[in-house]
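Have a look at this one.
Letters are used for the chains, namely A, B and C, taken in the order the chains are written, and counting of residues starts over at 1 for each.
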Amino acid sequence: MSAVLEGRAEGPTLRQRLAARGIDGATLLVLPCVALILGLFIYPFLYGLMLSFEPKDGSLFGNYARFFGDPFLYGTIFKTLRLAFPVTLLNLLIAIPIAFRVRLMRRQRLLTTLLVLPITLGTVLVAEGMLFYFGPQGWFNRALMAAGLLSTPISVLNGYWGVFISLVLTGFPFTFLLTLSYVTGIDPSLENAAATLGAGPAARFREVFLPLLIPGLAITFCLSFVQAYSVLPSAVLVGDPAGATRVISIAAYQAAFEEYDYSMASAIAMIMGAVQLLVVVAVLGCRSLFYRGPAAGAKG
Amino acid sequence: MTVGATTFKQLHLQGVRREFDAFTALKGLDLTIERGEFIALLGPSGCGKTTALNCIAGLLPVSGGRIMLDDRRVDVLRPEERGFGMVFQNYALFPHMTVRKNIGFGLRMRGVPKPELEKRVDAALAAVRLESQAEKLPGQLSGGQQQRVAIARAIVVEPPLVLMDEPLSNLDAKLRLEMRQEIRRIHQSLGSTTIYVTHDQEEALSLADRIVVLRDGAIRQVGTPAELYALPAHLDVADFMGFRNRVNGELVGMEGEDALLNIEGTVIRGRMRAASASKAAVAAIRPDDLEPTGTDSGIPVRVEAVEYRGRGFHGVGVTASGTELHFASPYPLQRGAAVRLGADAGRVLVFGDAR
Amino acid sequence: MQKSIMSRLWVFAVWAVIGLFLINLMGLIASVVTSSFGTRWLGTWLPAGFTTRWYFAAWDEFQLGDVLWVTFQAVGAVVLLSGLLGVPAAYALARREFPAKRAVMLLLLLPLLVPPITYGIPLATVLYKAGLGGTLTGVILANLVPTVPFVVLVMIPFIEQIDPRTEAAARVFGANIFQMFVHVLVPMLMPGVLAALLLVLVRTIGMFELTFLVSGPGSQTLVVALYYAVFASGVRAVQSIDAMAVIYMVTTLVWLIVALRFVNPTQIVGRGKRPAA
């Protein structure tokens, strides 16, 4: 007891000095979590990065040279982007008006719950269902033929459009819910204010909602893009994994688990990460051109 | 596109009703507002005053009745077609626009050419004394400044009608007083017809030409501040106007306009405000008007608490039957002391039980 | 009025898109369910007859008993560990300002921003090298990478809305950090923790990529087993694969419905700005 008192008389103890900087027992609670991410995310990533520079042929950039020298490999980047970009954009463009409509509804819960379903079902189940539903004898083609809209069944499976549809089905709910949370985060009195000042629905959207939503939409785009970009199961199950939908994740998977070339697989994973990072940085970079403060009427 | 910037003689609310599912928020409002008037809608929370304002603004559709500007029907128009100005409780400034852009928004929506727009925005900025803040974002302003931007944004379009929804409730006491004067000054210089919603009787009394007291979705009383302050027509209104003491008594007679009321054995005199079917009645007295008589007359109380209030003392006394009375005293009193309280007959309002 | 026709058309178009989406989604799910109960289904609207035998077949063929047990163990461990690691970290991040806070936040965001396949491959490589590849432990560890940051990010706003004076009061009355956590904070945070963990549960059941990359024959969860079954279709009867899909669907749906009693759906994906009301 007296020692503590003496310590105080001399000046702040180490503990007090640390506490003044915000470090005390409670702060240490963050450590296990940080350790986990460092150990299971950062370390593997760095390990993968190192490994990617140790290809089987011994040269430093052998893997990367092989990837960018082989159209069958580097083509996967474009195949992936050709899927991920339009899907994400389409999902976003559909999600915005629907979110605006749902925002006005009083019973949002049922609809949002229905829309959440595909997220929890996951890509595997959706792909499995699509094999049936969109198959030549599936209900989709039967219904369209019965309605006289089709004379022969259309085949969306085993190709670009199969994966496209599966990504829309599984990705839309995610995009929608994110968009909805941003849309409902905007103070409704801003819309009222704009209305009383003479702005019609279109002007309100253009002048008030859109500028306030852009930062959120940019984030939504990035997160949805990440989902669409890492497509693996549907590309295999309802796509054409050797051709039109040979996406980069298939290439990485094959390198790792079919050729057992972990070095090459790591290199592809790194390229995949880099491409994705480029897109995210580009989108978020555009975002910084817009207003980024709180979207709920600023309070003093 | 809008009916804005036109003048009018009278705004009529004719039986305006608003229902939310089973709940009736407005039970048929009838009110005529003259051009240039400053009207305060006063009432406790949940009385329907904000609902009424939103119906006038067009933010809520009316469930029944009509809103007329002279002989033009406006309740069928959408808010953007009405051309009214509105100041919101939380200001509702567009956070992504500078002060100048915020103020110019309404003019831009009306297609006002740029040079004129700039000129009018400058004038509005000057009117609210924010010239130096024009290029800032709302988030960088203080609450009072934001409020002034909100007012400037509403008045710059020269609307026939300005609606204000508790605009001062988010400000601290000192700022509220300043802004009150500011609103008064702006109203006087522009002469715009204003409907001002508040739950603060002081605000209503100091700002309004006429006060409309609302209760449970219906109008209780309409009158000038002086009328309402001196002679509220209802016990509710009296309650709102600071008649904090309410004592039950028995009517024992009338002398001219004055009623004689027996309160726990003491007869006091007061103005009869609402008739009574039986002998039961309530006397309403402001604490400031109730003072120790220093004589044998008056209602006897035992002093429970005394507080120093600068100019004098504020006392709380309890009558024999346990009714609490708040009163003013020019001199300090001991706790537990027995005093008799009385007030001028003109300051005592007697309300019968017939509502 | 011209405008009102336009706006009505617009509303109609929006609802039409919603309807189209839901009809196809429901059709898709119904196809799987119908098929799993059908006897022979070729070129007709409905199967020739209905039976439940595919469920028994699927149970035996795919060793669903084992798979479900593995799924249960893996998901349970992930949920528990995410809660134990994530909630205290969220508390520290919500309540303290310390020098490296921004760096820590970024560190936690990364696993949510990078697709699982991208970090899953190096992670699987490391886990295999450490001898954990193909084991249940490996599956659990891999799944913790996205779930722990998720719990942290969902819980931070939840903790921030609790008045810090409550904790201060507990400390003043002599509770140490641990006691304060157990007696004061946890009960107040329970709805939020429950919500976050239920979402972790749903996400982990459905997490395909990480489990797929890390798991071995004895550590497959239901969703991975389903993938292999669909991938290798032709070997087995389609209907028993569908039966398995239905079983999978039911496991996630039950939890989803439970979760939605506590959570606003936007929380499943968002940062949970408005925690369960």
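Rule of thumb we're sticking to: contacts are C-beta pairs under 8 Å (C-beta built on N, C-alpha and C of every residue); 3 or more make two chains touch, one makes a residue touch a chain.
What you see is a predicted model, and the numbers here were worked out from it, not measured in a lab.
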*If each protein chain is taken as a node and each touching pair as an edge, is the resulting graph a line, ring, star, complete or other?*
line
*Averaging each chain's C-alpha atoms to get its centre, pick out the one most distant from chain C.*
B
_Rounded to a whole Å, what is the gap between the Cα centroids of chain A and chain C?_
15
*Length of the line joining the C-alpha centres of chain B and chain C, rounded to whole Å*: 53
*asked:* At least two partner chains per residue is the criterion; list those residues in chain B.
replied: none
*Of all residues in chain A, the ones touching two or more other chains*: 200
*Given the complex with chain A, which residues does chain C contribute to the contact?*
3, 7, 10-11, 13-15, 17-18, 21-22, 24-25, 27-32, 35, 42-43, 45, 85-86, 88-89, 91-93, 95-99, 101, 104, 107-108, 110-119, 121-126, 141-142, 144-145, 148-149, 152, 177, 202, 205-206, 208-209, 212-213, 223, 226-227, 230-231, 233, 241-242, 245, 248-249, 252-253, 256, 260, 265-266, 268-270, 273
*Within their complex, state which residues of chain A touch chain B.*
187, 189-190, 192-200, 203, 207-208, 211-212, 290-291, 293-300
*Within the complex, which stretch of chain B touches chain A?*
1-2, 4, 57-59, 78-80, 82-86, 88-96, 105-106, 109-110, 137-139, 141-146, 153-154, 157, 163, 170
*Which residues, counting only chain A, touch chain C once they are in their complex?*
21-30, 32-34, 36-38, 40-45, 47-49, 51, 94, 97-98, 101, 109, 111-133, 137-140, 142, 169, 172, 174, 177-178, 180-181, 184-185, 200-201, 222-223, 226-227, 229-230, 232-233, 236-237, 249, 252-253, 256-257, 262, 265-266, 268-269, 272-273, 276, 280
